[in-house]
Amino acid sequence: VRARDLGITPGILPTGPLNAITDVKGVKVAHHTLKAPPAINTGATVIIPADGNLRQNPVPAAVYIANGYGKLAGISQIMELGEIETPIVLTNTLNVAEGIAATVEWTLAQPGNEDVRSVNAVVGETNDGFLNDIRARAVTKDQIKETLDKAVSGPVTEGAVGAGTGTVAFGWKGGIGTSSRRLPASLGGHTVGVLVQANYGGVLTIDGHKIGEQLDQYYLKDAVGTDASADGSIMIVVATDAPLSDRNLLRLAKRATVGLARTGSSMTNGSGDYILAFSTHPSVRRDNSADALDQNTLPNSRMSPLFQSVAEATEEAIYNALLMAEDTIGHRGTIKALPVKDVKNILMKSQ
Amino acid sequence: VRARDLGITPGILPTGPLNAITDVKGVKVAHHTLKAPPAINTGATVIIPADGNLRQNPVPAAVYIANGYGKLAGISQIMELGEIETPIVLTNTLNVAEGIAATVEWTLAQPGNEDVRSVNAVVGETNDGFLNDIRARAVTKDQIKETLDKAVSGPVTEGAVGAGTGTVAFGWKGGIGTSSRRLPASLGGHTVGVLVQANYGGVLTIDGHKIGEQLDQYYLKDAVGTDASADGSIMIVVATDAPLSDRNLLRLAKRATVGLARTGSSMTNGSGDYILAFSTHPSVRRDNSADALDQNTLPNSRMSPLFQSVAEATEEAIYNALLMAEDTIGHRGTIKALPVKDVKNILMKSQ
Amino acid sequence: VRARDLGITPGILPTGPLNAITDVKGVKVAHHTLKAPPAINTGATVIIPADGNLRQNPVPAAVYIANGYGKLAGISQIMELGEIETPIVLTNTLNVAEGIAATVEWTLAQPGNEDVRSVNAVVGETNDGFLNDIRARAVTKDQIKETLDKAVSGPVTEGAVGAGTGTVAFGWKGGIGTSSRRLPASLGGHTVGVLVQANYGGVLTIDGHKIGEQLDQYYLKDAVGTDASADGSIMIVVATDAPLSDRNLLRLAKRATVGLARTGSSMTNGSGDYILAFSTHPSVRRDNSADALDQNTLPNSRMSPLFQSVAEATEEAIYNALLMAEDTIGHRGTIKALPVKDVKNILMKSQ
Amino acid sequence: VRARDLGITPGILPTGPLNAITDVKGVKVAHHTLKAPPAINTGATVIIPADGNLRQNPVPAAVYIANGYGKLAGISQIMELGEIETPIVLTNTLNVAEGIAATVEWTLAQPGNEDVRSVNAVVGETNDGFLNDIRARAVTKDQIKETLDKAVSGPVTEGAVGAGTGTVAFGWKGGIGTSSRRLPASLGGHTVGVLVQANYGGVLTIDGHKIGEQLDQYYLKDAVGTDASADGSIMIVVATDAPLSDRNLLRLAKRATVGLARTGSSMTNGSGDYILAFSTHPSVRRDNSADALDQNTLPNSRMSPLFQSVAEATEEAIYNALLMAEDTIGHRGTIKALPVKDVKNILMKSQ
């Protein structure tokens, strides 16, 4: 089930129609799921930010690093130029190379890119090395290239799929989750969509309810210094149709950590917690060959409702990732899905 | 009342004996409260990080800027050198100059500083311009110098005192709050103490309970773009006796935003949200005249329980700031304290 | 003399008509010089970035910190919002407080600012504690307010004036210097102007000539670890009429270090090396009350000639600061001006 | 020839015995050169920072991004943890993926790493797409793995080899260059070594001599906005045996830009200019399984002579890269080496 099916509605703002990152027009998603249990539980998820040739017409973008223990590729060019010029690929920690190779070759092969000799691939990862024999490096360049070709708009499959096939969160099965918020017209009417690859931990709280403590499974429960149950990382991708400068996209990205915090993360040492944010608004689309950019952006003073939106959508996307996942038999053991029935009971008790 | 008096115990870790920043040995605090209602409601709060001559023997330190819409002085030298060489002063936005002048003169006058010709004053602020006639710039250099002289260890007065005299949070009266966490011996036994000057807003949540929504007072309630009710800033000061490098102090500072997020902030555009963190451990104390520093620090892999500590203590310090405040008649109107009775009722309903 | 009077013409690009920061239309400058030798040699220099009410209509801006051992105030808000809302004040290290107080009061008093309750003062400094009894804190708030009122466009006085009255550079008398570059129309025709407060050191090189070594005065000459002759700081202010985003202003600011490096600095530990950059172009001027900003900016691909400009103008501004200075009798000794005749001889030898 | 063979001795400090990065004990280097003219001129260069198992015992490290238009992998983890846990690989822009895959597989296969499931590969690049058919992605994972196995201490081959096989600098043939500085005992006696992959441009200056202008080949010569002759990137790797914290390694890395600036770069928009720095001193070596790190580091106040060292060594390494290169027939044309005879003549004229 999704969080809303259980009456979980974090925050105060309405969702978009799909309650998914694809509520932002032009955003496309696809998964490649690799399941050969018990050894192999991994895959890739791709997000194509916008229509058209991204290499010639990048989208303004930003990356915020909440905890940099991770291998996200493409960081410095996003920061320097304020833009993303490729799809975003998510996969496991040891297959980042294949994600880059796929993105490079796919981009070189796009019509209009015959003279391109530089590609800044953006490839994120989390470590699925408990459920997946990650040292086998099972994801291939060709699988990712094919996944890029099949990305579509519309509803997004959640749970143990794509780059979330082998992830674990709060000791339960993690996965891919998504959510969105759409501001009322009086606040601009813009949409913010979020997709997460959830593979981290802490003390699980769902919309304020102390699920982790009540189900007796949480970080530091045994107060052992070597307890690493909270580690593991989360990749968060934020899309918006609001016309934002790259600086304000960075500020927006940062607010995804607000949602992350509310789920019970304290961004532990071993968790690579990254947020990518981009705008699809035509007025801020870049043109590499232009002499000047005529951009109509929101001023700083209009940002706060968008900040609230990304906080809420990130929180809910994470709940969706957990609630849509399923028990998974893996390389080093079995991980149970969050028990929906128990969660329901806890929620009911406090009505 | 303090949060614990109502049974509010955010997180899973125990507090220190005072549940205050002064649980970290050597930390001293004092307030100067300026109340001449309705026009003047302001003041200053000072934190002296450690015993001894700070200018000759700075403490390792870091500053994390969650949202930089503010005037915190001293930032770049803390970042460059990884240390704080003075007390920390908190006051209102338009009296930062007086805070710097006071810190400079106080430092020049300390025994042993006869040849000092450079002082990096660290002065934070929030804007109390609703309850206080801030344009009057009422806080004086001499008041702050005297406050520096009277800083003491022991319990810390909370609520509408010192730099919190005129602050507002979530539409209720804000103020100064403090809290601490002490790790069990198995996790190192270190203490993390937090002091906040709370003057921001959002959708108030107390330990997961949607207080703001239930009391019908929260950011974007009227969905008006010009609604600035969430703005206003928070200064967070984090002390620890764990022997940390400045890099790990920066990571620690960042995790205070986790606690901030859980109270219902989405770090709005107009809110200057800053965190200062320092370590008092003798092994990491700096010596400006030494040829080498022999430091015994915690490795990265030991940081996570400290991250959990600062998240929890920040959250609770904010609740204390709100719950200890009182109704205040001010320059542009009256601000009510959070109604403790109503909060109690909401908490009881969901037991 | 100015550098060009000696035939020193760093780089390949032409200057503006004044070869000064005021070649950027709208920029105004004034000095306040305090000379009461030997004890007092200090002052303040103010730069007003543009016409109009800066608080209501900030200029896009950035700050780059090459070495953060200094006290520049206002940093975080410039970074967060990408703008400057006040004049820029330069003074000595221990009078930053007076610079802030003056800027705040001056801004509050501007017509149209009757309701302003927040001011982000931008006050930079270098340490003139050798020639000036800096602990006396001789510069007053009122002096700086008066200086703000008398800022004008047109030629800029250089050398031992204003905030440069007591500075020392490379062991010779430093001071204020300025220079500019104007791009040919084919490269956009934009102007970049630079003003420096030079108070640092190293191994002086002038347009490639090893002046420091030939005059036998340079950093590490005696290879003594405690030799601090290279310390002391430089504040660099960069103005341009090119329509730049704040991100590209940050990139522009960073390139001022190229010019700094060419003069023989290696940005020593004790030197606070800061660069502020802003754009005066009307199309990028901010409007705090607007619903949207319609901005016509240069794309990343047009930045490189501007980078070359700021490198060249910074280098030349520093030479002007040195060459226009004069022997100064001060608090702890006398500092000679760079011997112009000797420099001339060295330059001639290598023709 | 190397720069010193022509009497070019930038700066004031002595070199180490090899005048190479390998003057820092424990540093190992190897090249893989791919030459199949005209189409293929590319390769890889690897630097192994220190003896022992880097994954279990990382070296403290930092990365400074002077201009982030590039694809350097591994950035965020270096910044977050302050350490490098693998060799450093340099190659061409479109073969970063192969560099990562090679580093990952090589690390997984090291004795003691049987349980490793996370590897932060550090792979830098410059774009050799003029002399090399870069879209062919000619460098393979296996070639890089073999190169890692053959890295050795001792003299380093310079010029058009390894990752420098196809690079171009200032319109002449670029390549790999190296240099070092050794401080006198009174300044600590430490060594700083630098290796560069030079592929950028600007207005070439050699030790102050305006070579670019005198040979009539420099950036903006024709003042055409689309002139990209200055673009292309430089990767700079800095090794030192001084016991430095990661923060001071970041400061050290930043000073490599001083040397870069002196060669005539203004860090143009399209140039990815990156510096990696690490310390090999045993006292700062990390231990991932330790409860505490006992580190004996240099204080901030001892850094300046090291800053001077890295500036000088970077400048000279770049001259070596240029002077050791040779004419190269490539994919889109031929690039001449810098004419040593002409350079010699220019140098002699100004004696």
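Each chain gets a letter, A, B, C and D, in the order it is written, and its residues are counted from 1.
Everything below uses one rule, namely that contacts are C-beta pairs under 8 Å (C-beta built on N, C-alpha and C of every residue); 3 or more make two chains touch, one makes a residue touch a chain.
No experiment lies behind these values; they were computed from the predicted model shown.
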More than half of C-D's contact pairs recur, by residue number, in one of B-D, A-D or A-B. Which one?
A-B
Report which of A-C and B-C is connected by more C-beta pairs in contact.
B-C
Using mean C-alpha positions as chain centres, tell me how far chain B is from chain C in Å, no decimals.
34
List the centre-to-centre spacing of chain A and chain B in whole Å, with centres computed as mean CA coordinates.
32
Suppose each chain is reduced to the average of its Cα coordinates; what separation in Å results between chain A and chain C?
43
Of all the residues in chain B, which ones touch at least 2 other chains?
67, 80-81, 225, 251, 291, 300-302
Residues of chain D touching chain C in the complex
11-13, 66-67, 184, 186-188, 202-203, 205, 207-210, 213, 218-221, 223-225, 230-231, 251, 254-255, 257-262, 265-270, 300-305, 307-308, 310-311, 350
Write out the stretch or stretches of chain C touching chain B in their complex.
65, 67-77, 79-81, 93-94, 96-98, 100-101, 104-105, 108, 116-121, 127, 129, 134-135, 137, 225, 272, 274, 291
For the complex, which residues does chain D have touching chain B?
80-82, 243, 245-247, 251, 286-302
